[in-house]
């Protein structure tokens, strides 16, 4: 080995201590060396196979939604993940793109409407959205997190209100008020997108269109990240003042990030309008914004692959939550996984699981002895697992109110458990699991819409307090 | 090259800088000294555009820069380092330096994405500038360090990286704010040598704020002493160090009469 | 002319409520540099608690106790309940992020807000609850000011809001806790080194701010009658718009901002159309941000380089 100086030996210590260990080490090292292009090609290829494996229009729609969310997460990543700006009105650009596309691809405007071909209208809409993004960014002059958050949040709110109320617009010289945006009912009858002459009208078609767009977007953003613009964004996020002394025009760079994010959202919005063959104001309200943020935070803000991964995971999970059976599988699976991941010595894990089972059986037996009504209900899960649950869980027929109390107890219990000393926690976890199961069966499983929102909100809180860099993001060091 | 004339700045009722005249000729190394709170960093902030002067003018290379935003001033050729190190901690060493080449390149995002010849050429040139700046520090910031995150660097290396980053803006003048702060004697001597080399090998004009008098003595062509926002002495190191006003400012009244 | 004065009264009523919400935001921002998005939902919970107390006493039409007692119970319960909720949120959602980036707690706050809204939806359903104030405070109970008669409820709101604001101003300006809050707001580390208990001060700030929001919730219920799980979002938005317009971190600024927005909304609804209320408020926000970014009564933050 050539002699190396002390400095270099110290500098390379990171490589020595962070190396992989265990039997998978050679595999992991090989994986690390695969360039991003190869990964993208593999993922794109796998995704392209997906529509060929299933004929279900429903599954394809889920795929389409996942890809739309992925595009939105990618756009948000530019603004929040790279430039570090908190844009809470992001869905307004999505809505802008959707409505603009609808206006120029339907009968809404004028006698027979305006029907521009997509390859003209979409780029124009993206540019318009970028300009809108610039305009929105300007007043938040300091563009510091707090002020920007308020202005953008308000903007998102105002956008939806405007759209809902612009259905009676009096133009000068016209006799009758015209409906610009269709009001609360939206604009129906939006044309499909045509590519190279053929109209795309099936979910499978739109899946492929979106897949191509997403892959192009990922590649473009990757190249941008490595360029002077990407470096400037990240420098501004790290230390805006220092960046300004290093010749970076901070405000201009921030506005550029804003404009880029807006343009990407508008692109997604336009395709969305074509997919749905219509636009409706309800799609652009705050719950959807939370969804995009949840996808980005989960996947890892700052990472292109993370944004897409987060979007896919969140989309698929939320679809699973619609069906009580599948949702229950997910629920119990997550509970078990959490226990396995957090209770380290396997003896402790076995003890906790054993105690939980025992507690359940005993309680069930006691309840059954008191009154058969107390156990008359049935868990949502079918099959033999459902049967096992039935024998373990005390579940009356109409347990909604009890379920509510259990939910409150669950939340308080989880919070309280985090305060306990680590030694005492397993003791608290045993009854907590039982309460969780009860809350699930008695109340949550019957309210999929609300449960999914609760899940998203909780996801944001848990991710930020526990693993702020998400699945694929890199851990950040902050200046204190 | 740099000329402050009659510059004044107040914060509320506090006069931070008052009627300050300061000139730095091309190729000089001038040190700015004074007790804490004398206004030295405020002068740097005035020069680099954090504040606009309320009175007087600041001219660089013959043109006024008073009131310009910081990134424009940096673009004219004035680069600085900071008293408390302000690196882009989560970016790699090389990226820190590359980021500073922004002002000297102009590839638009679409050009970067499509990798036009201009974008590729600019990227190559920027890399060359960055490598040259990093190479100035020899083994300290050698190649194996370039991909490491900046937060993993030692304190002395962080100071060096800050200087390298400032160099990457291809400036004509460097403003170094306490470059030797927090360094042990060995590192301090090294930094003093680096400052000399910056002028001799790269031709930068340098204005330094420093507390360590050994460094000041070793590197300065001229010294300006500040107290309460006003210049109280100018000249060579020996002239300023023994000036009664300077001694009084540092050691208090009565010390002047007992010195030497 | 009467119409005009009526709008002024409406504006004051609304303004008082917004000011109370804005104060909570300003207090927390001053101490933690954090915009607590969940604040609006704490206000919503306060409104529900007030409703719960009203029902516990037999419901609006058949109160089992004298009206002033019931009102007092509602205010106290809402203040305590919201205060505790605010403290819990701080402890579990914000404290772990105290040294993280500026936007991390904002995103968490978003999550908390969303979670709270849906938890209330789950537990209490989507039905709008009505305070039905006229059942226990007859509409005819009014004070005559010249030719105009102002309903007692509105007067109650204005007086309560004003009283609370004065009390808060004294708290921040004259008490030991107030001094601690100002110290922590100015320089957290230095305050710590001077012996100020940071955690307790922050907890107290959250409690007070959230309690104010809870009271605001009850007041809104009394005047505008309807309480739903979604009311927190828009009220919170306007509340912190008021705080920002007035100058975030400044107590008189929050009051001014609240009043300004209340008046603007009231007059817009009366003279133009209620559909444009939010647009006008947004316009005011943008204008202030452009002309005077620190807010009307705010002080610029000095950034030491």
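Order of writing sets the chain letters: A, B and C. Residues in each chain are counted from 1.
As a convention for this text, a contact is a pair of C-beta atoms (placed from the backbone, for glycine too) under 8 Å apart; a residue touches a chain by one contact, two chains touch by 3 or more.
Given the structure is predicted, the values throughout are model-derived calculations rather than measurements.
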Innermost chain by mean C-alpha position: A
Chain of greatest Cα-centre distance to chain B: C
Inter-chain centre distance, chain A versus chain B - centres from mean C-alpha coordinates, in Å: 45
Approximate Å spacing (C-alpha centroids) for the pair chain B, chain C: 48
Chain centre separation in whole Å, for chain C relative to chain A (CA means): 31
Numbers and ranges of chain B residues touching at least 2 other chains: 50, 82
Touching two or more other chains - residues of chain A: 241, 476, 478
Numbers and ranges of chain C residues touching at least 2 other chains: 305
Residues of chain C defined as touching chain A within the complex: 29, 33, 35, 88, 92-93, 96-97, 99-108, 110-119, 121-123, 233-234, 237, 240-241, 244, 248, 275, 278-279, 281-282, 285-286, 289-290, 293, 303, 305
Touch list for chain A against partner chain C, complex: 80, 84, 86, 88, 138-142, 144-147, 149-151, 153-155, 157-158, 161-162, 165, 241, 286-287, 290, 293, 297, 404, 407-408, 411, 415, 418, 443-444, 447, 450-451, 453-454, 456-461, 464-465, 468, 476, 478, 480
Touch list for chain B against partner chain A, complex: 48, 50, 69-71, 74-75, 79-80, 82, 86-91, 95, 98-105, 107, 109, 112-113, 115, 119, 122-123, 126, 139-140, 142, 144-145, 148-149, 151-152, 165-166, 168-169
Contact footprint of chain B on chain A as seen in their complex: 5, 7-8, 11-12, 14, 220, 223-224, 227-229, 231-232, 234-235, 238-239, 241-250, 256, 260, 474, 476-479
